[in-house]
Amino acid sequence: MKYGILIVSHSKDIAIGVKKLIEQAAPKLSITTAGGTDDGEIGSSLEKIQTAVEKNSGDEILAFYDLGSSKMNLEMMIEMTDKKIHKYDVALVEGAYAAATLAEIESPLETIEKTLEPLKIK
Amino acid sequence: MKYGILIVSHSKDIAIGVKKLIEQAAPKLSITTAGGTDDGEIGSSLEKIQTAVEKNSGDEILAFYDLGSSKMNLEMMIEMTDKKIHKYDVALVEGAYAAATLAEIESPLETIEKTLEPLKIK
Amino acid sequence: MELSLADTKKWIELFVQKVESEKSQLNELDTAIGDGDHGTNMDRGMKAITDAFSKKEPEDIVSLHKTVAFALIQKVGGASGPLYGTAFLDMSKKAKDDADLTTLIQTGLAGLKRRGQSDVGMKTMIDVWEPVANALKADEFNQSVIDEALTSNKALVATKGRASYLEEKSKGHLDPGAQSSAYLFEALLTVLGA
Amino acid sequence: MELSLADTKKWIELFVQKVESEKSQLNELDTAIGDGDHGTNMDRGMKAITDAFSKKEPEDIVSLHKTVAFALIQKVGGASGPLYGTAFLDMSKKAKDDADLTTLIQTGLAGLKRRGQSDVGMKTMIDVWEPVANALKADEFNQSVIDEALTSNKALVATKGRASYLEEKSKGHLDPGAQSSAYLFEALLTVLGA
């Protein structure tokens, strides 16, 4: 599919939970996650983000994050990869759900971004 | 303490993850969660919300939710209980984190709500 | 007009049967514009109603509506749980003073609107409840009221519930909650012998 | 002025020692206005630096800075990871053309600002890096530069990072990242023999 979803969270539970929540509404979508540090603690891991980007089968990636270091590591990743990653400064759970619902039915990026606009909080 | 935090999510993983994330910044706070349906599926459970409200040791509760039925069940709970519950229509993860940080240092409700204002997305 | 206790129970039992047999149909409708679980959710609620009836035979209309409400509130797990649950709970409370069928359905409708913070035209179950409530009042309730309600629901763009995320793309799909509400009122028609 | 490879390594090793011995102090500072893990995070990064140095002795300043950067980026796990990591990565790239100490610290500072989308005065580690960079340029770098930087950082209200959630209440607390950066530059002072 054109778009895949990437969830970057400080918590592996949040990341997995968001995936489960949104894949119910978007079963065809590629949704990959990077939650917590390498050793499963609260925090973030560039390596996990890298793996999640590699595993994502979307042509382009719509990326969502929670706080500080998730964002910074995601931005480092964006600088390092050739893959097109769109990062959204929106509410993590609510934004990822809205985007996934629209990406599932192959909505154009313009429509997805218009829907995300009011969810911008960062 | 004066305020406790209640997390209501469609996913038990999200609920637990948010608790772990925010208790790192707010270790003294009472944070209780209601995630998923009674049988652990994606959805929501009034019974779980009820238990989470009962277990919460805050004098008043600051409540955060993700989508549709989490909100409606939370509102049913608010109609049913004597406990003072403040429900916020804000980004779940980001709102709960901000509120917890402030509640931890015994900030007044006014300050907490001023901080939550820009996170309103529902 | 008041429905007898026996007829009210028959109404709910017919609804339970219909939802159980159309479970996958409801899931399919929800897959198109939601998360695919409306049939599964409602089916859980139906089983809970049957359980509750077999554990304790409702003694009057008030307790019957309350039993239905609690089963749905506790077991459905999706938005339809607190919605139908609130409708039946409010109907149960109302039935203490006034058990007129039209009054009860109108009370249920008001409960839906309150719980959902929604109204007719948002592509939800309300699009079926409201025309039915109106038709009952005008003494013109029949199958075509339900059919027309579904037809117009299908054409709407959703502005409440999960389908609202799809915006324009929700057009042309029937809302799953509207369909389950149609089953509810078709069961009522059968009981009314219409 | 260029720091020799040996002095650069000594600088980093002194920093590693200091952070490791002050781990709980850094955690405590972070507990007051953050999530209490800055010491634990940095300590993980320090161990990774030591590991990397022992696995492969850095051959030049460029690779030394890069080794430090990768260790921090990969292992810290908190915001300080991508921040210090970006600073050292940018310093490594810069050192290819120009290894002047002042230039490198200024380059690191610019990296911090870019990664953090932040600036001096927001109660972060930048409040230490910027005065140090300025002092190096003016050839006036000494302990009092660091001390004064920490004093003014303490008085600030945070507008970036986790402490910013505390608003006014962050005042009067020293930022943990400012403290770890103070350790970094105290180690540098020692190497400079000042």
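Letters A, B, C and D mark the chains as written, and numbering starts fresh at 1 in each.
Note that a contact is a pair of C-beta atoms (placed from the backbone, for glycine too) under 8 Å apart; a residue touches a chain by one contact, two chains touch by 3 or more.
For each chain, UniProt lists the protein as follows: A, B, C, D = phosphoenolpyruvate--glycerone phosphotransferase.
Note that the structure is predicted; figures quoted are calculated from it, not measured.
The minimum number of touch steps separating chain C from chain D is 2.
In terms of their C-alpha centroids, the spacing between chain A and chain B amounts to 23 Å. Separating the CA-averaged centres of chain A and chain D is a span of 29 Å. Note: centroid distance chain B to chain D, computed from Cα atoms, is 36 Å.
Contact of a single residue of chain A with at least two other chains is seen at positions 24, 42, 67, 97. Multi-chain contact residues, meaning those touching two or more other chains, occur in chain D at positions 35, 37, 162. An unclassified topology is adopted by the chain contact network, corresponding to no line, ring, star or complete arrangement. Taken together, the chains touch in the following pairs: A-B, A-C, A-D, B-C, B-D.
For chain A in complex with chain C, the touching residues are 24-25, 27, 97-98, 101-102, 105, 107, 111, 115.
The touching residues of chain C, counted against chain A in their complex, run 34-37, 162, 165-167, 169.
Residues 37-38, 41-47, 67-69, 72-73, 75-76 of chain A are the ones that touch chain D when the two sit in their complex.
Put simply, chain B touches chain A in their complex at residues 9-18, 20-21, 24, 35, 42, 66-67, 91-94, 97, 118-119, 121-122. Those residues of chain D whose C-beta lies close enough to touch chain A in the complex are 35, 37, 41, 73-75, 77-83, 85-86, 115-116, 161-162.
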